[in-house]
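Here chain A shows up in two complexes: once beside chain B, once beside chain C.
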Partner chain A sequence: MQKKWIDYLKKREWNSQMKKKVGIIACSGENLLGGTLSRAAARIVVEKLRPNNTIILCQPLFAAGGLERHGGQDERDFAKNHPTITIEGCKEECSKIAVERYSGPVAATIRVDEIMEAHFELNPESREDLGENGMKLAEIVAEEIAKKVDEYFRRE
Partner chain B sequence: MTNYKLCIIPCNGLDKSLGIIARTVALKTIEKEPKIELICPVLLNNGEKKYEEILKSSKIVVVDGCMTGCATKLIEERNLKIFKKVFIPEMSKKFKLKPGKNLILTEEGINLAKTIATELIESLDRSDDEITIEYKEIEDIDYFDITVDKFYFRVPKSGFNFNENDCWIKPEGDLGLIGITDYLQNSASDIMFVELPEIGGKIEQFDDVGSFESVKTVLQLISPVSGEIVSINKLLEKQPELLNQDPYGKGWFAEIKLANFEEDKELLMDCSEYFEYMKNKIMKESEHLKKMKSEKND
Partner chain C sequence: MTKKKVFIIPCSGIGKVFGSIGRETAYIVANELSREKAALECLPLIVKGKSEVIEALKENKVITIDGCPLKCSYNNLMEKVGKVDSQFMTTNVVKENRDLKPEPKIIPIGENTKKLSQKLAEQVAKEVDRLLEEEGVE
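Then we have the complex of A and B:
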């Protein structure tokens, strides 16, 4: 078999094994509870609920960018070539703004503040320590994210 | 406390525990010193106007979780000066407290954040050091590349040879530069310390030439060739991150006077061979990780 043909087959095999994943990017809000909740929820999805279909994107790295190695360019390229779900702590929607600015349209957006309003009985302790109720709320947010991930794969 | 205004900007990274510690350090600091203004790096990047005045009128403290230095970059790209820089891995070594690897902080991780915040507040009273950080240009090399998830791996298209230990030699006449590959630096993660060989030392092919320590592990550079060390990259002692940022260029490790390159070359791979070798390795690791994750979830 010709070398060129073998190379082509190898490349095709390689590409087929690289299953598409959904990027999860959380607001990282420094000064608000929604930021802590969005970070926790993103972690739950990527580590527990959908570990094989999702990957966490670091928003500060994404924002800092830079073309040098280990800069945010890798994160931006990933969001350009993969569906990305943003988790927003408040109406500022920093994650969505950043993804749209550097990579392209987002696949879905989850507003944590709206979920908090709908579950007002679950009152987190503080932005540093969510406590038991806060973690329950983070699980609810995480379930919403997981639903969006599943919706994406159903559509594909 | 100081008689000037201060603000603090942590990196807030979410994909490593070090970023979580950086965030906790900032929160603990403002808890103890509420007059210090907290800057959210993400909101700052989105053009939050209220931060403009704070940044202009305050001395800036940055807290970086890793070598990428996102908080530092966000300040420097605005042409602002950094008053004090806190680097979590360095503090972790200093206080002998491990940051942990999980994204949920351990008790030791929380203790580390508290200790750093306390030391930071104390040092602000006595510190008047301003830090200037130097950035270098990056040499252009034509690369083969491959992206796996969000990780990006490169191998030069020509001019290099490689051993199976993921180290390279770039021969030029009877001399050659040696270093580590992009794959190895990616596996090591953020490199913090480098141990260079001595000039004049004679080495055989596959000898250890030096080592480097990252947040994860200590690794050796296994020489792809035999010869004598004629120079070393002293800059790596000050800027070990060059090994991560530019492993085939400014991250070169040592220069060797080649003893018998033609013979050594028989046990080395050329660029396209190494690229295939590296891809297979990445695939196997990716499959292994996937399997481990599934087993963990079952």
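Then we have the complex of A and C:
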């Protein structure tokens, strides 16, 4: 009986923490620099800038992977019930399209190519290794995501 | 006629190091070990269903590299392209090399993670050669 009560309290606490989370979905495309930047920026946001208010959702898992084991359904349900911010590495907008197809409208979209154009002096080394400049650029992208997270909570 | 190649499609996992091993492996194969024979393509673009990409995958051999049992890369390829010619799991190379425990950090990846990726890349590169041989490509 006591264990049930503890489990209940734990679940309630977990639910209450999850309510405050924004889902971050990075394009993560392996074939382009914007994908690497989007991935790095997503990690910086969830690990350093807004660890208590954000969670990463895996884009391919979200879209189709592991559906026979309901692997992607959790991600889709989370995005239905929570705000999401997508990070797009190119103009294809794969993340935004996936979220809108399976869960609903996104709270915000960050376009990495636009940030790259605005900071052309920071030229990343390659898609495989961003290098020092690339990491600075990833920090800038991450700051933009964090601003959108803050804007969402201010509105709420 | 365009020369046949092998597409390497790693999963796009960014939550754990096993996804990073897959991505690093794919880069080593495409850039170093099987240069000119292998190519990469974005998994999210395949999931989205970009027609030119899907056609290119149908016309060539495809290897998937997954980082967890949900096998996003394999499952997405099967759904969108209808075939996968060979598949790898990064967790297997970790099991085969117990002395190389991958560091949990993802950006940048650690030294053991790099070594594991190199080992897996050597296995994948051999498979690239086998698949091209099957196709009759020298």
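Just so it is clear, the second predicted complex is superposed on the first by the 131 of 156 C-alpha atoms of A that agree within 3 Å, B and C clash if a C-alpha of one lies under 4 Å from a C-alpha of the other, contacts with A are read in each partner's own complex, and residues count from 1 in each chain.
Following the convention adopted for this analysis, a contact is a pair of C-beta atoms (placed from the backbone, for glycine too) under 8 Å apart; a residue touches a chain by one contact, two chains touch by 3 or more.
Bear in mind the structure is a predicted one, so any value in this text is a computation, not a measurement.
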Partner chain(s) touched by A:Ala98 [first = chain B, second = chain C, both, neither]: both
Greater residue coverage of chain A in the superposed arrangement, chain B or chain C: B
Which superposed partner A:Cys27 touches (first chain B, second chain C, both, neither): both
Contacts of A:Lys48 with chain B and chain C, given as first, second, both or neither: first
First (chain B), second (chain C), both or neither touched by A:Ala63: both
Residues of chain A contacting chain B in one complex and chain C in the other: 26-31, 35, 39, 42-43, 56, 58-61, 63-66, 68-69, 71-72, 92, 94-95, 97-98, 127-128
Of all residues in chain A, those that touch chain B in their complex: 10, 14, 17-18, 21, 23, 26-31, 35, 39, 42-43, 47-48, 51-52, 55-61, 63-66, 68-72, 74-75, 77-78, 92, 94-95, 97-98, 127-128
Complex contacts: residues of chain B adjacent to chain A: 10-16, 19, 23-24, 26-27, 38-43, 45-46, 67-71, 73-74, 103-104, 138, 147-152, 182, 190, 241, 244-247, 276, 279, 283, 290, 293-294, 297
Touching residues (chain side chain A, partner chain C) in the complex: 26-32, 35, 39-40, 42-44, 56, 58-61, 63-69, 71-72, 92, 94-95, 97-98, 127-129
Partner chain A, residues of chain C touching it in the complex: 9-15, 23, 26-27, 31, 40-45, 47-48, 50, 69-73, 75-76, 79-80, 106-108
